[in-house]
Amino acid sequence: MSTVTTRPADTAAPLPEGLKQRRLPSWAPLGIAVVSVAAAVGAGMLFGLQSKVQWGLIAALLFVAVSFALASAVEGRRQAKDRLATSLVWVCFLLAVVPLASLIWTTVGQGSKVLDGYFLTHSMAGLLDIQPGGGIYHAIIGTLEQVGLATLIAAPIGLLTAIYLVEYGKGTLAKAVTFFVDVMTGIPSIVAGLFILSFWLLMLGFDYSGFAGAMSLAILMMPVVVRSTEEMLKLVPNELREASLALGVPKWRTITKVVLPTAVGGITTGLVLAVARIAGETAPILLLVYGAPYINNNPFEGAQSSLPLYVYQQYVNGNAASYDRAWAAALVLIIFVMLLNLVARGIAHWKAPKAGH
Amino acid sequence: MAKRIDVSGLSAFYGKNKAIDDISMTVEPGSVTAFIGPSGCGKSTFLRTLNRMHEVIPGASVEGKVLLDDENLYGPGVDPVAVRRTIGMVFQRPNPFPTMSIYDNVAAGLRLNGISRKKDLDDIVERSLKGANLWNEVKDRLNRPGAGLSGGQQQRLCIARAIAVEPQVLLMDEPCSALDPISTLAIEDLIRELKERFTIVIVTHNMQQAARVSDRTAFFNLAAVGQPGKLIEIDETERIFSNPSVQATEDYISGRFG
Amino acid sequence: MDTPSRSEHTPSPPDLVTPPGLTSPQTGLAAASAASGRARLGDRLFAGASKGSGILLLVIMAAIAVFLAVRATVAISANEGNFLTTFEWNANANPPVFGIAVLAYGTVVSSIIAMVIAVPVAVGIALFVSHYAPRRLAQPIAFVIDLLAAVPSIIYGLWGALFLVPHLTGLNLWLDEYLGWTVIFDKTNPAATPRSLFTVGILLAIMILPIITNVTREVFLQVPRAHEEAALALGATRWEVIRMSVLPFGRSGIISASMLGLGRALGETMAVATVLSASPVLTAHLLDAGGGTFAQNIASAFKEANDMGRDALIASGLVLFVITLLVNGAARLIIARHKEYSGANA
């Protein structure tokens, strides 16, 4: 029997008596999905729809509508709503997975075309944009130096600020710092670039350099470091601090010898993730580093390049050879960022308390 | 409305671990049955198998039969959602919906079942709150958040919410363990009133409470540490507390262990 | 309940260090007070350095506002157009004529499109991971989404321009044909490549999806079991449990996650610069190529900009900066107001 038995309006207690419920068989969702996809492919071919995007949307709509209709007919309104939610959630998941998988797939497929030892060890010096060949050596040097410098600037400031907030901070100043760290997290990277541009290049009169880019990256990195370090320091139990202070250890030695070593795993994880985040930044580099096609090992003088900027420049060149280079550099960049992420997770895992510690 | 429950050969699992083993018992309609036993003996787990709440825990599963007036709750085609609507439950800690008002908390189950006429809702909400001995305390602030009530009031609100949908059985999982003695007394009074309309099963750690409110008492125990819980005996409450037929029951009741 | 990102970092305590005062061979009050003098100096230095870093952060924030404002004033006072209402961007010309109308419109519209698509889908995925996915799948899926949040935006831009744009041609024709009467989906030139604000919105949606999903999922996983069981015990279906206990509990989390995503979308530069075919047009036809965003305009116009051109770009950057500040502030306010609902008595 069904739950949606209509009953007279005056009975206040409207509960269905039976426990049995007519249900769709457990293979129904899968069946509906297969039929929907088949129908979408059929319709796509029949009407000559060019793009798979349309096929996918037709299949998704069919799947949701058919599940809802069948469930309404067989199981009743409430169950149908439940099915509708379930099918929508699954469709959301697939909707998201498809483009993200395609992004990775395309980058790997296109990027592996010209990615080889030569590509990694040569620059673009003396090469016309439309010529095939060339490489990303200068861009790798640039990225490593700029990211390294940015980390050297941002890590100590970020760490000390977090220590201030957790160990010392009280009152208005700490509140203001907390608030503006939050605000700083939301600064668009191009704005950080514009700031260094107006300060370092326009006011102080310096030229384009890797260091200018590094400073803008440092601005983007600082709030991330503060946030993650703060979280880790807060996890250090107060008993540890008190135990050390009670032994007569001065506060700063308590922090450097007890608190920081306790939290070092989590802090490092946060640092590595922050590095991974700025390594892919393009916009400020575009404004401040200029993008030289040749190798410049000195980040303090003259234009450099960087991997993300290289990708952009090769895309803008707009010919087959430069597209190939753009994809290959994108692949290298993605691998670099993913490795950093895996390393960060590895550290977190390795430093996490083992069971029965 | 009250219905009878017949359990036969019921075992419950968490993953591969058996939590309770081969339990059979009958719960009489329109009575209060108390489950007592030491911590971890599976009495709460068993209670949750009676309205199919056990299986919502990831990896949990059940074997055996639970008949509600001859209908197997675990039979093919039985909808767990319908089971839980028929067999209401009150939890150890009061858990009113934090974002809902007192009124909406009581009406929540009714709205799920498609009752949306203002007048019907008003009537049932009032009746249920009266049934839970809470009406007089909250009738002037029905639109205030349910989470603003005291612990004992919250628990009675949860009882009102459970009885609003007119279940046939009411399961209570240590309903007073988070409450002070006065709130506990209020709930115990309420249980005695409610048994005229519902079959009530209550898990309790408090043996005096079992003695005060229940007609029949079931004693659960572990065979050994790491072993699943078992039903040791079930009998009239008076007999269990005066002259139990199993030695372990007497040991537990007289405070010799547990 | 498992809340991965927090618990896995829980640090393990090291051995307590022996305090230097105790190992020191010196004894007596003099030695002790000498040691404590050094300690006090160390304490003061360390506290000063950490406090100084905090202040430095504030100074940087203030400097950003001040420096942008100074250059912006130079540009705006020389501007022959109206900074707010002029469509064109001829900042290199003499006299310079530029305005942010097109950029503001494009930034807001593309971000709205991104939010309309991304927020419901992200909530759906978060629910999928927290309540629907088979348990064995949930952890790996969450891990992959975490990694995707780290993919640099230039790669989304490259993929968007070379892969997504051609694949959206069909969808564009479709929308034009069946929904063209809504004006916003009316495409003036159906044959044109879809390098439009609509495409940008879709790409931005894909980009901010992982971050919104991650934050929302964490909140959903924190919903107290008691709330969910309360709904289950009333005979609620899975969807009803979600509607009655999960979504109300997670509401402020969803809002803050969305604001985070919105902030990203508003300031995104490279993905827009690669995909959009920019031009100084302001049109309600979202499928038409053209328009621009603040960030995209800065990146695209920077190479050719002269001194005045740069100052003008900085002025537009200042507007973007202020907008993102407002969005952040609004997010904090909303979260603060909803805090009492976040299940504090759980």
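Order as written gives the chain letters A, B and C; numbering starts at 1 within each chain.
Everything below uses one rule, namely that a residue touches a chain if its C-beta (ideal position, glycine included) is under 8 Å from a C-beta of that chain, and two chains touch if they have at least 3 such contacts.
This structure is a prediction, so every number in the text was calculated from the model and none was measured.
Chemist: Hey, which pair has more contacts between C-betas, A-C or A-B?
Modeler: By the number of C-beta pairs in contact, the winner is A-C.
Chemist: Measuring between Cα centroids, which chain is at the maximum distance from subunit C?
Modeler: B
Chemist: Quick one: report the Å distance separating subunit A from subunit B, using the average Cα coordinate of each chain.
Modeler: Whole-Å distance between the two chain centres: 47.
Chemist: Any idea how many Å lie between the Cα centroids of subunit A and subunit C?
Modeler: For subunit A versus subunit C, the centre distance works out to 11 Å.
Chemist: Residues of subunit B that contact two or more other chains, please.
Modeler: In subunit B, residues 81-83, 85-86, 112-113, 165 touch at least two other chains, as defined above.
Chemist: If you look at subunit A, which of its residues touch at least two other chains?
Modeler: 78
Chemist: Please set out, as single numbers or ranges, the residues of subunit C touching at least two other chains.
Modeler: 237, 240
Chemist: For subunit A, which residues count as touching subunit C in their complex?
Modeler: Touch residues, subunit A against subunit C: 49-54, 57, 78-79, 81-82, 84-86, 88-93, 95-96, 99-100, 102-103, 106-107, 110, 156-161, 163-165, 167-169, 173-174, 176-177, 179-184, 186-192, 194-195, 197-199, 202-203, 219, 222-223, 226, 231-232, 235-237, 240, 243-244, 247-253, 255-258, 261-266, 269, 273, 276-277, 279-283, 286-287, 308, 311-312, 315, 323, 326-327, 330, 333-334, 337-338, 341, 348-349, 351-353, 357.
Chemist: If you look only at subunit A, which of its residues touch subunit B in the complex?
Modeler: Residues in contact with subunit B: 3-4, 9, 12-16, 18-23, 77-78.
Chemist: Could you list, by residue number, the parts of subunit C that touch subunit A in their complex?
Modeler: 6-14, 16-17, 19-22, 36, 39-40, 42-43, 45-47, 49-58, 60-61, 63-64, 67-68, 70-71, 120-125, 127-128, 132-133, 141, 146-148, 150-159, 161-164, 167-171, 174, 206, 209-210, 213, 237-240, 242, 260, 263, 266-270, 273-274, 295, 298-299, 302, 310, 313-314, 317, 320-321, 324-325, 327-329, 332
Chemist: For the complex, which residues does subunit B have touching subunit C?
Modeler: For this pair, the touching residues of subunit B are 51, 53, 56, 58-59, 81-86, 88-89, 91, 93, 95-100, 108-109, 112-113, 147, 158, 161-162, 165.
Chemist: Taking the complex as given, what residues does subunit C use to touch subunit B?
Modeler: Contact set of subunit C toward subunit B: 135, 224, 226-227, 229-237, 240, 244-245, 248-249, 341, 343-346.
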